[in-house]
Amino acid sequence: MRAPKLHRRLFVNGLFRAGIYGLAFGALLPLFLILFDVFRKGLPVIDWNFLVSMPRATGETGGGIANAIVGSLMLIGLAAAMAVPLGVAAGVYLSEARKSRLAYFTRLAVDVLQGMPSVVIGIIAYLWLVRVMGKFTALSGGLALGLMMLPLVVRGTEEVLKLVPAHIKEASLALGVPHYRTVLRVIIPCGLPGIISAVLLGVSRIAGETAPLLFTAFGNRFLEFSPLKPVGSLPLTIFTYAMSPYQDLQAQAWGASVVLIVLVLATNIISRVVITRWKIQF
Amino acid sequence: MENPILRTENLNAYYAGQLALKGVTMAVPEKRLTAIMGPSGCGKSTLIRCLNRMHELIPGARVENKVFLKDKDLYTMEPTEVRRMIGMVFQRPNPFPTMSIFENAIAGYTLNSIRMKRGEADRIVEESLRKAALWEEVKDHLHKKGTFLSGGQQQRLCIARALAMNPEIILLDEPTSALDPKATAFIEELMEELKKSVSICLVTHNIAQASRVSDYTAFMYLGELVEYNTTEKIFTVPQDKRTEEYLVGKFG
Amino acid sequence: MLAEKIREMRERLMEQANLAEEMIDQSIRGLEEQDGRLLRELLTVSEARLNELEIEIGEQCATIIALHEPRARDLRLVLLALRMATDLERIGDHAVNLAQSALFLIERPPVKPLVDIPNMAAEARAMLRDSITSFIREDAALAEGILTRDDRIDEYRDQIYRELITYMVSDATTIERALHLMRVTANLERAADLSTNIAENVIYLVQGRVVKHGHRDEP
């Protein structure tokens, strides 16, 4: 009496299993297809020259994306310089003052900021800096990207610091250490891997943003190190080259895409490695 | 009562409006081990945390009246100063996870930015680890992280950390509750040795522990100090009926 | 710590045992050597100290039990100490009774030369000494030996009583003195009995066996 039912159940079980594996695979497929295509088109373009030389004049072939790489790094650096101190401080505040009204509104504001469209943020940065300064600058691009990175740093810091057990804090306070020093020298170090990870995630998020840079950093064909000038970046380069009629430039766009993807993947992976390898045992 | 080192006068303590300690007046003698026992919720942890002003860190907590360390009125001083004079060890061993054993032992100094002369840090660390009976076990591993020690060793590290500050009295809040019997016995022996050089106030929910190690015992119930006497008297001829019922096992 | 408290208790017990033994010794010697001073000293100084010790040991045992929850051998030792302290105090009482009668007797002419009583006394003192030794050395075999020697003591007593009765029957003037001699004998016999008590308790301590009142736990 029992045997046939069991048989049927096992069969259905197997069916579901296959279905789930298939669908999971299906979800991964687009990622692999993208990577495959991009690498296929972009890798041939990349060589040492590509990475360190400047773009050639219009019409000429050859050249590289050195300006874009340097520009992207600069923008990320500026964004981090703005988002990290402010974000960590806010995260510390939120984890310490859990129930106050200010904490409630801060969290609300951060959540709203996180959902804001990147192009709108770009326009705001244009309004605040570009209009005021009268020119496009890396600084304004950094501001836009910083605003996008901020919520990630705040939330990440808050979550990590909330995980630090109360008894560690008590140990420090019982030694007569004032509250602020307890936070700076005990709690934050305990949360450091998490904070670093959150920052890296923020970086990987903003590395590929294009829209806000359109009217802030604007783009620059030349290598530029000053934050008060417009500056090129990988996403902008990809955008410009892909839209151009020149075959050569289109190919370079693929190359730049590979570089950008590698940058994003690398920061993502490092962020995870930091969390798993650097374990602080409580 | 012999030389009191710490005493309270009519101490009241509140938890968000609720009265948790009612008029506790008690004197802790010098260089002795005083145990505070009682059923859960009797206020013993609250009392001990009022002694080093940790209770007021809880939101909504309030303390009324006085606590004196020798002749100093503790509630008129800076709380951080009070906590540097009185050491505390908690129920759960809590060495700082990012610091090595050495750094943990000297943490009271480094976190408070107290300057030390050359070589003084080494001396302080060795001395306090010796006093906590941990030196021999860790002297070759001082730069390893504190969290790799066993529970009992971690607790001894916490004791060393408290002792390093040279307090006159240390407060132990159920220090062996989270430890296995062997580690517990070790720490009980350690306390017997320690009390010769530093006064100890111990909160415990383990009646037998109070009877084994203490010279004086206080019994608390529902926020009141019910009875307080030499351990011998409390355990052989308690005066209050509630004390007797607690010892006999009727509640708690 | 528990070990220290137990050591202190043992020391007091030793002091008490030695004192009790000395009191028996003094009382007999006082009688044999007709030394009134010795007997009076026993009645004042020694007895007071012996009673004091019993109380101290009792309090110490109560403290140890209340504070340290002794188990196994430690527990048996504490129980032995309580019983032995009582037994030793009673031995002291018997020495006192003996001394009181001795004081009466030495001021009067002897009924008969003392022969049996000193022999019995020697045997009783040996039993007490051996029971104390068996406690110090925790020697169960020695303690077992003491249990059978009690029969000899009883024989001595019966014999001495018979002899004294014949004296009393033949000469009424000897009655008062003879009765005191009988009192001496009776107290010696009781002291020996208490020594066997001590031996029984030592066997309990060492082997955990109860051998009282004819009851025997076999090993």
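Order as written gives the chain letters A, B and C; numbering starts at 1 within each chain.
One rule holds for everything that comes next: a residue touches a chain if its C-beta (ideal position, glycine included) is under 8 Å from a C-beta of that chain, and two chains touch if they have at least 3 such contacts.
As the structure is a prediction and not an experimental result, all values here were calculated from the model.
Colleague: In graph terms, with chains as vertices and touches as edges, which category applies: line, ring, star, complete, or other?
Modeller: Graph shape here is a line: each chain touches the next, no loop.
Colleague: Report which of B-C and A-B is connected by more C-beta pairs in contact.
Modeller: Answer to which pair has more contacts is A-B.
Colleague: Using the mean of all protein Cα atoms as the middle point, what chain has its own Cα mean nearest that point?
Modeller: B
Colleague: Just how far, in Å, is the C-alpha centre of chain C from the one of chain A?
Modeller: 94
Colleague: Taking each chain's centre as the mean of its CA atoms, how far is chain B from chain C in angstrom?
Modeller: 51
Colleague: When the C-alpha atoms of chain A and chain B are each averaged to a single point, how far apart are the two points in Å?
Modeller: 48
Colleague: What residues of chain C sit close enough to touch chain B in their complex?
Modeller: On the chain C side, the touching residues are 1-2, 62-63, 66-69.
Colleague: For the complex, which residues does chain A have touching chain B?
Modeller: Of all residues in chain A, those touching chain B are 165, 167-168, 170-178, 181-182, 185-186, 189-190, 192, 280-282.
Colleague: Would you pull the chain B residues touching chain C in the complex into a rising list?
Modeller: Residues of chain B touching chain C: 189, 192, 208, 211-212, 231-232, 235-236.
Colleague: Mind pulling up the chain B residues that touch chain A in the complex?
Modeller: 52, 54, 57, 80-85, 87-88, 90, 92, 94-98, 107-108, 111-113, 145, 147, 158, 161-162, 165
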